[in-house]
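For reference, chains read A, B, C and D in written order, and residue numbers begin at 1 within each chain.
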Amino acid sequence: MELQVINNATCTFCGCVCDDIQLHHDDVRIHKANKACVLGTAWFLNHTAEKKYPDALIDGREATLDEAIEAAANFLYEADMPLVYGMSNTTCEAQKECVALADQLGGLLDSHTSL
Amino acid sequence: MQKSKFLPRGRKDRTMVLVDIRETKSAKAADIFLQVRPGKDFELITILRALIKDRQVSDQAIAETGLTREVIDDLIRRMKGAKFGCVFFGMGLSMTRGKHMNSAALLTLAAEMNAFTKFVAMPMRGHGNVTGADVIMRWQTGYPFGISFSRGYPRYNPGEFSTVDVLVRGDCDAAFIIGADPGATMPQPAIDHLKRIPTIVLDPHVTHTSKLSRVHITTAPQGIAAPGTAYRMDELPMPLKPALKSPYPSDEEVVRRINEAIAKKPFWLPDGSQPQMLNAQV
Amino acid sequence: MLRITGGKVYDPANGIDGVVKDLCIDDQGLFVPAVEGGRTIDATGMIVFPGGVDVHTHVAGGAINFARAMTPEDHRRTQAFIRTKSRRSGLGGMAPTTFATGYLYAGMGWTTVNEAAVPVLSARHTHEELADIPIVDKASLTLMANNEILLDQLEKGEFERAKQVLAWYLWSAKSYGIKAVNPGGVAAWKYGHDAKQLTSPIDGYSKLTPGVIVTHLARICDELGLPHPVHLHCNNLGAPGNISTTIDTLKHLEGHRAHIAHSQYHAYGGDGWDTMCSETAQLAEYFNAHPSITTDAGAVLFGDTVTITADGPWQHLLYKLTGRKWGNLDVENETGCGIVPYTYRPSNLVNAVQWAAGLELLLLIKNPWQVFLSTDHPNGGCFWRYPEIIELLMRADVRKESLLKLPDGIKGKITLPEIDREYSLYEVAISMSAGPARALGLFQKGNLGLGCDGDVVIYEEDENVRKMFGHPRYVIKGGEIVLEDGEIREAPSGREFIVKPPCDPGIDDFMRPLFEDCYTMSFENYPVEMERIHNPRMQDCIEVPR
Amino acid sequence: MPITFHLKRQPSVPLESEVFSPDVMAELTNTEIRALTIYHGKRQLPISDFFDVEGERSEDLVMHGAMHKVRWIGRAMSRGSITVHGTVGMHLGAYMKGGRIEVHGNASDWIGAEMKNGFIHVHGNAGGQIGAAYRGSMQGMKNGTIIIDGSAGLEVGMRMRRGTIIVGGPAKDFTGLQMKGGTIVLMSGAEIRTGAWMNRGTIISLKPLQLMPTFVRSVDASPMFVNVLAKNLKSLGINLPHKASEGTYRQFAGDLSVSDKGEILVWQPVA
């Protein structure tokens, strides 16, 4: 099968966020990441579109996404001081949702920066 | 390397000085390597701040940083003689003893250098889009991290609301972790607290933190299978171009759905119980 | 659908000066002759204005966001908006958060704001922030006067090419118009220099002068037919004696439309801080003789603020003067920015001159369609203090009282004590709404006529002018009641105005090699994608008469 | 009769309770005091949910219990007294304007932060940022006295402008960071970077200090004001050596990266 090519793709492994990477991929994995550094290549090649993990786990048992979302919402809603933390390896769009979540919950909000 | 009107030969017109406690691979790329004694960054930068203002510092004090007066004098001459100086600094500075004060020292030095020439400083951010989190929190809450909404509006106090401190003291009673794996990196007392309370993890992998959590949700990796935006460490947003279609939903979608699920429940502050706006905060 | 009945209407765009008449707004949020059903606001005895329009403010983007990070101490002492089930929390103050920006503007009846300084590289970021400013409609201006690729074309005398380059940048940024800040000076600041003489070549160029940049940008804006003319922050901001630079700049603009930003900062005489005085009379005279040029006051109010401007060299000077915090941003080949917290004090002669000069310009420029209310937020003061300025304009006695607080040394440095003019409500409506809307080319704003946007502010008439303008009874945005009895009711998201100037499709091929030579991001990723703009509204280009 | 509080159950998350201030309670009845709102995380609850309350209408408050999660006690108080038997959490006496706070036990970070005046005495150990400026503020405590009998954490007296801080036990790094005035007395010394970036003010240490490279030694002597200070401290039960027969103070000026007007005095006892 012929590989598809994406030009000027963006690498989010580190803070440099290079946006000149050429990706060669099929439906399942990226085979080549031209112009990416060692770290970036590993980042692109190590993720696949395979279903390696269950959709969700609740108390270690496999669960559906809907169940997990409901459980997460309940835990966070019941807490007196919930913490929303991380947000490094995710998109700005998700980060905005996280800020909205902490705002709605009346909780704590923090990122890797505080480490 | 990019060329410019004033630096037409690219890299050749630039001088790179590397300061580190050991000679790393990066030293090969540098023109000058300065080996500073571990834990003496703050002292070295403070000496530089004094010396650029022509204040006297003893040879012995300089020697304690691991450098000699000749080397420091040469460095200052190069800094003052540069057309445009830039200091990049990383976690070796900001996460060792002195922490934020080490960064503050470097930023102050860069500001003070502008009495002689153009100088700037920029933190080298580690993980992917941590800059994006900073930037977004600033415009939505006014603060870059370490925020509490418990009084209904944003408050800021690193040390009080920052995650490691909160977890080690056992201050929070639920945790939502996204795009991070504190179970692998944080001190043991912090990890122990995550085990005690309901922890929820969103991650493309089942991580250390997932294993101690009550809820794990697998999500699509950003930039590879999830679209959106990421900020470069100089605070420029870059569009993401995912190559793969993930069998999992994006972080954005999952957090939005959690937000929607919570929004269906009664709001924690009863309607009308609070003023619209406070003029005096706590 | 909404009907507003019995109010005394001030609608300068249609020459209506305090006439009792009814207004109707349809489901599209536009004024119509009549509506069936819906709510009726009985505005009998109240005053009805078109919603305020801020022609020059800094509310979104890299610079103000840097200022937010720099001033946690101000966030702690300022207004805090508490989260409700439907409304996000926020903080006000010198550099309000995006949500609070919307609440505070709408809270005093402003419904449209123009973010006046956006580097193209930060445009994607700025649009994200603008999308998070609720209620008000937005436009943004692109910084162009220190862009290396553009300046190179002007240096070579390639005017047509320069026009195409500018159009390409403008559309890449998805912006509404052009802002020029300290032409040539910010580029020179990359290497610690400035550009102070309008006719001297700037650093790194043999022929190109600030004057050439000014003239050509004005001409390009006219030839492209941008609805808003070149929006110019002159060279030498804040410096004693800069009036000569400003008048010189205005002469370079003759024959073109132009908007001069925050002219208070450009109207000083004297040759040092000791001798600095107001030269607003001279500047006002120029405006009075040249009706095609508009300006905003950039008025100063005493108190704390944070100054933010692309004028990097000025900010470094201010940092040295104050010894306070200083932030500096450099935006690759395009522009830069400096940030310094500042306190204007009546006891400080320089600040006293600045305070008087802003008011003088608003009072000495005779035609209110030429000079608009602004503080160059947050530089001269925070936008949410506009009602204080309105009071100073409407009440000569309040001005006289304030003058008493100034030091004796102010005598002979200002003309404010000799000015008796008081703004009428009609003139206030021009200065805060109809005038800036017209200057921006936003014909659907600041106008209560049929087909225009249903943005209305309704005040309860009050002797206390500051209170009246600070606390409207109702604010209506696009026909929706967003504020009622001092409480924000709804926080809908606003729209963004964008222009698409005519652009030669071949310009991409011309730009690519130049771009790839000096930029650090990919050419393809540089232009802001249209789908990233929240509620875009395209505004047509116009035919500008020669 | 003071108003007495006994913590009856341990909060699971921090309890923000700035209402524990004589300014708030002095005129209130017992019922009104019980109903005052405190914040258990985000939940707004009456004081009586966590405390047994005895007494009413008094400027003197007495608190009992392990209150390490109870924050903002005595915030901005201007009069009266608070006496704590047990531990207290962060921000004790922050923004305080007057009155006395005494803690028979340990306290946490930000004691007397940005206080304007008043007196705070912690008999146990304390955390960091004592009398300091909150992040971003230019000025820490402006006046008043803080005594810590035990140890202290980082950044003691950060950006303080006036007033006195006495630390009996050892202090950690950055004591007197960016100090602009006032006095810090270290009875048992401090770790590193004492006086870093100080502009003005005085740090007195009875134990040798590892100083920043940007301090220069001036003279060995006991300046007059040490005598005055010693007399004042004596009334607080603190013994500051100052007699020539006992030794001298070695004086250092700095921090030269900022100014040479700050001084650090290190006690040199007669051998």
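Note that contacts are C-beta pairs under 8 Å (C-beta built on N, C-alpha and C of every residue); 3 or more make two chains touch, one makes a residue touch a chain.
Keep in mind it's a predicted model, so treat the numbers as computed, not measured.
Visitor: Whose C-alpha centre lies nearest the centre of all protein C-alpha atoms?
Guide: That would be chain B.
Visitor: Consider the two chain pairs A-C and B-D; indicate the one with the greater count of contacting C-beta pairs.
Guide: Contact tally favours B-D.
Visitor: In angstrom, rounded to a whole number, how far apart do the mean CA points of chain B and chain D lie?
Guide: Roughly 31 Å, centre to centre.
Visitor: Provide the C-alpha centroid distance between chain A and chain C, rounded to the nearest whole angstrom.
Guide: 39
Visitor: Could you give the separation in Å between the centres of chain A and chain D, each centre being the mean of its C-alpha atoms?
Guide: 44
Visitor: So, what's the distance in Å between the C-alpha centres of chain B and chain A?
Guide: Centre-to-centre distance between chain A and chain B: 18 Å.
Visitor: Counting only residues that touch at least 2 other chains, which ones in chain A make the list?
Guide: 8, 10, 19, 79-81, 92, 96, 100, 103-107
Visitor: Which positions in chain D touch two or more other chains at once?
Guide: 12-14, 41-43, 134-135
Visitor: Can you pull out the residues of chain B that are in contact with at least two other chains?
Guide: Those would be 134, 140-141, 144, 149-152, 154, 156, 158, 171-173, 229, 231-232, 237-239, 263, 268-269.
Visitor: Work through the pairs of chains, note which ones touch, and then classify the graph as line, ring, star, complete or other.
Guide: complete
Visitor: In the complex, go through chain C and note every residue touching chain B.
Guide: Against chain B, chain C makes touches at 60, 62, 65, 68-69, 72, 75-85, 88-93, 95-99, 103, 121-122, 124-125, 128-129, 132, 148, 189-192, 204, 316, 319-320, 326, 328, 330, 333, 486-488, 517-521, 525, 529.
Visitor: What does chain B use to touch chain D in their complex?
Guide: Residue positions touching the partner: 42-43, 46-47, 49-50, 53, 55-58, 61-62, 64-65, 97-98, 101, 149-152, 156-160, 171-173, 268, 282.
Visitor: If you look only at chain A, which of its residues touch chain B in the complex?
Guide: So the residues of chain A in touch with chain B come to 4, 6, 8-17, 19, 23, 25, 27-30, 43-44, 47-60, 65, 68-73, 75-115.
Visitor: Can you check the complex and tell me which residues of chain B touch chain A?
Guide: Those in contact with chain A are residues 95, 124-134, 136-137, 140-141, 144-152, 154, 158, 161-164, 166-167, 171-180, 182, 197-198, 200, 202, 204-206, 210-211, 213-218, 221-233, 237-241, 243-252, 254-259, 261-263, 265, 268-269.
Visitor: Give the list of chain D residues in touch with chain A in this complex.
Guide: Those residues of chain D that touch chain A are 12-14, 40-43.
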